[in-house]
């Protein structure tokens, strides 16, 4: 029994993690022969989407309700990872991977680092006043309702037939060096500035 | 129900976005607010990529924009953590409610 | 309890209860069956492994090549829809007859389910999971042997007879049977989740990790950065473990891990750009197949800068899977085992699975990107054309096969072990200094230099000469290494001290 | 890219790599070794240069070599058409030879500096500056070579600024000494002035010719002139100053020339070069004698095809003025490096003057010879300074020939070369004898033999093109008969047409039209250089004699004096270079380069019986034949070197007493004073520019202070007094206090009300923001739904 209880999480996490591998055909051996990649719009994709959405929203809710900052960071990891899965489902492999590297590999570590450097006691909790919670809840609920109303009722101009032959990496490369050259360079300058600024602000007097 | 379309993703994105705002409002820990910001950015990103995919994927403008958003988010996180540490250095806490010395 | 057929005295076996009992009984059974065979024919088993792998190459090549022909034949994608079975057994049999495949009569029944993509995926997953389990098991066993040799010991000798080949299985059984402790002051939820957060990513890295041109579960266009991302995400679990243990040493380990990983990913990714620039793609299968033209077409020998990049990458990867001399997060002597101080039993073993799998993954990256992936030093253009079983077998042995890939990877893993057991650990400030002020400039120089080289000298006489010089240099180094190893193997006993070794059984 | 381009690029990149190595690990590599690292880098460049030069000399079809491919660095989309800025290697005779010259000279100088800097790289803030010096030198080498191979004015400008930066860094190398840092700043600022003009010219080129590529620009220029379109049709109105057509083109040319004026220190901007001697001597030799200051001439040579006759005339005038005044100042200098600096200025003046009068090959030939012997002399002076322990005052030297023979005699070779020693009538001479002679000969042509060549067309104005259609053939017969003029690319030699360098041809009415606008130059512009040709040998001989000959005037200096092999070996090499460069391959190559690189309005080349090929023309400097310019010149300057050096010998042969007595003569004293004050240029600039700026600022601020601020203050004061009286008498007593209190209280109440939401808590602000967003969204939806 104990072995099963211990091993079960692996199975579950693994199945969730490799979900897109089932749902989306990212296999290039076909697409190089001109067969279009596509989410095959079947049962499995729906299943995977619902699983991802459940993880995203569940962990988001957990972040809202949790009081412990480190746990919030872990839930955030759940959110980020499953958002990356959603990118895979949306055929945006590159963005998904970048999400994993930058957010899960970099930003999250940074957050936890900040927590470790700035928390006095292991479980530091700041609790907020109840009326604040209520107000926030009401406002956000209203906001959510309005946005959902818009999202559901709006008429989006769609061309649902996704035609992607081969990889979109070349598109990325060309795009970043032609149409998006200026934002790209600006981004690099910004990163430099941020690096200097962060080092300056976090320095020891 | 089993035919996943644009709206499904938009709904998820919206909820994530609003949750992010809720986190920003209700967390008193500076890092917590940062986490809220990241959630908001992710919600926006899902929108970008979803629109890009459901408009035929003839180009990848949405994806590139979301790429820039991600990079900006990383930069912003680095800076924000530095600010938090400075905050902690000055006020000896990360409770943002103590940062109200300019309040009238 | 019967006595085992081993030449030394046995202590009376312990009685287990609960599920552990079943496990132990199973282990004993396997042990009883396997021990005499393995201890009698270790060599033939090794050879059988090679033969099997090459055979498997052949089978895999045939099957999926065939499924692809079907897939191309009807573009509405019935072959890659999930439940679609477009062919009957008879058709498959006819097809095999037409290709005059060996043992087609049996194969057709095996092939029939294979046109279900879901089935293919499940088979692939099972294979990956097995690989993922077996590699750490044997890496651990091997590390203990290597450590023993380096320290003039024999390492594990008893379990399983021939050089303690079953040691890791025994350890696994022990670990599973152990009690699973959670400290009272720990953050229970995080403490329980953390091992999985460390374990699963390094498992997922195998999803799009090619062992051969066809030996890949998902041939993704962003495979390379996906794997890098997975190796990077692993750190989250480690930090969680360190934090949740609520133990000073563990938190120190976690902090060290965090800054070490985050800072070493920069030079590592920077030098990874060099082979990417050479190949012009992120698809690992394509990168691997580009180096099929013999050892002098391997990326590491492309020009001096790629060679520098290769060395730099390997050092950075050591730091990235926290091996010595960068094993600060789990430095036994200063922080007692660092982030997994509080862990025991199964969860502890998960960390080790993760670590050894990561070792394999980074070595695999080095092999795929720089040292001609799954190709032998011989140019693949000499391969035999006609697909008789014998030819395919020979091709597999001589030109390219997963066996070669795993072989190269294990060479690099061996170097990792070697470094670990011979080099002292360096301080954290030295670690960060060497990252920021040494590795990163070198990485930048390699990157820029390679770019300039690509623009100016690529395809000219100079680059060809340089490539050959580098290749021969590396070949000479390898040869010297092997000859030293052979000498050590021949005269090992004299070096270790004859008596000390003679007393031990099984040697 | 072909092998040659690749090799040139490698030669450019190698010093950069060494720069990176030294910049990162220099302080580890240590004192002598880091120097050798840099030498290794530049030696690679020398190897590439030699290979390319050999290949070039042996190549038969040079046009094929010159057709190089380029990479689009960035493609601008302006004026509705795409404008690629290409990175491309400019491969022609000029590049090849300059490249070889620069690499050879700088190899010698690098080696020299290892010996020289060993004593001169003192510690600053606890760190030895040795490796830093070679770091800068490698960077300079990289940017200089890059400047040579870049084929688009854009990249040329980038490397141009880079060499400026390196010169700044190296002049201010002893930045802990005040004068050094001042000199560095002076050089940098003066160069900025020139580069501003360069930038203007660049903009004009970009706007009107719509390309950065040199050849393309030249083609567009000629084509625009032919159709009287583009820049010739444009017309600009700057502050009521109305420029158009030819004037605008001239302005463009002058603007481009301004860059050269700054870099190679021409007349108004020449003040920085003498001060630049504050840098280490190898730097003076490499940057301020051989390469960088010559870059100005190189720039003019490159943009020669964009220069209108008026622009050329302007250039000639500037060069003439520079060479005169600087040579005069050089007479009285007592600091050995200062003498060399002023002579450098004067020789640069010769080159620019030559460019101006159209002696393209002659000027470049003079550049190359001058680079060799001047670098050699500077190194010699560095040897002397090193040997005499940082004594630069020639009055304390003397009689050093026994102590440092090699330096002495190599220096003497340099003196001979710059003085233009040669036997008139025979084809025997050294350095300046040939190069300066060619420049002067062309000047002679332009001064005296001009009408009979272009008599008919001198009056021709404005729209020369169609006017010349008729006149062109006659003009060309004329040209061909007396083979003195290369019209367009090499006077319509079939070979030149075959080379087809941006296809000029002698019956090209366009070029003939522009050519006809070449005025004859006034007589003083011919005679001033002639006089200076007498002055040059004088001051060089004076310098050499005061330093090496005579009796030692300062014992301790004399005893210190010594020389080290690491430092005199390069001198030998450079001496050999001086001999070779006077005779060997450079001149025919330059002639050919002229054919390719200058379909200019007019390139005058001297002489040559047959106008068969440009290289023959330049080879056969037949002084023996009765060719008019040379015959005349033999008479005029043939023995200038003898006269000048003889006079110097007479004056200085025993000590300084005679010179001193001459100096005290009444009128001489005044002149001497003026010259010692460098003709007051620094004073003028200080007073007029610096002082003027200060004065203007002072005036403005004083005016502001007096009239505005004080005015306001006074106004307020008076106003306050009035109001006080008024309110004190009427309002206050009028029971306003209640009103005031009411206002105060209401204000407070409002404040109380308003400050409620201002909790200063960021979370509340987010909450308010979200609420606002909700309200707006609700409003929008309501509007849309209804």
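Order as written gives the chain letters A, B, C and D; numbering starts at 1 within each chain.
By our rule, a contact is a pair of C-beta atoms (placed from the backbone, for glycine too) under 8 Å apart; a residue touches a chain by one contact, two chains touch by 3 or more.
For clarity, every value in this text was computed on a predicted model and none was experimentally measured.
Participant: Looking at B-D and A-C, which one has the bigger number of contacting C-beta pairs?
Facilitator: A-C
Participant: Tell me, please, which chain's centre (mean of its C-alpha atoms) is farthest from the centre of chain A?
Facilitator: Here the answer is chain D, farthest from chain A.
Participant: Between chain A and chain D, what distance separates the C-alpha centroids? Give it in angstrom.
Facilitator: Centres of chain A and chain D (C-alpha means) sit 57 Å apart.
Participant: What whole-number Å value describes the gap between the mean CA coordinates of chain A and chain C?
Facilitator: So the centre of chain A lies 29 Å away from the centre of chain C.
Participant: Nearest whole angstrom, what separates the Cα centre of chain A from the Cα centre of chain B?
Facilitator: That pair's centroid distance is 10 Å.
Participant: Quick check on chain A: which residues sit in contact with 2+ other chains?
Facilitator: Residues 42, 94, 98, 106, 110, 113, 128, 132, 136, 139-140, 143, 147, 168 of chain A touch two or more partner chains.
Participant: What are the residue numbers in chain B that touch two or more other chains?
Facilitator: 21, 25-28, 97
Participant: Give me the residues of chain C that touch two or more other chains.
Facilitator: Not one residue of chain C touches more than one other chain, so the list is empty.
Participant: Within the complex, which stretch of chain D touches chain B?
Facilitator: 751, 754-755, 758-763, 766-767, 770
Participant: Which bits of chain B are touching chain A when the two form their complex?
Facilitator: Against chain A, chain B makes touches at 1-12, 14-23, 25-32, 34-35, 38-39, 42, 45-46, 49-60, 63-64, 66-68, 70-75, 77-79, 81-86, 88, 93-95, 97.
Participant: What residues of chain C sit close enough to touch chain A in their complex?
Facilitator: Checking each residue of chain C against chain A gives 18-19, 23, 68, 71-72, 75, 77, 80-82, 117-118, 121, 125, 176, 180, 187, 189-190, 193, 196-197, 199-200, 203-204, 207, 217-222, 225-226, 228-230, 232-233, 235-236, 239-240, 243-244, 246, 251, 254-255, 258-259, 261-262, 265, 281-283, 285, 346-347.
Participant: Please give the residue numbers of chain B that touch chain D in the complex, ascending.
Facilitator: Contact set of chain B toward chain D: 21, 24-28, 33, 96-97, 99-104.
Participant: Write out the stretch or stretches of chain A touching chain B in their complex.
Facilitator: 39, 41-43, 45-46, 49, 53, 56-57, 60-61, 63-64, 69, 72-73, 76, 79-80, 83, 86-87, 89-92, 94-95, 98-99, 102-103, 106-107, 110-111, 113-115, 117-120, 124, 126-128, 132-133, 136-137, 139-140, 143-144, 147-148, 151-152, 156-164, 168, 171-172, 175-176, 180, 183, 187, 190-191, 194-195, 197-198, 201-202
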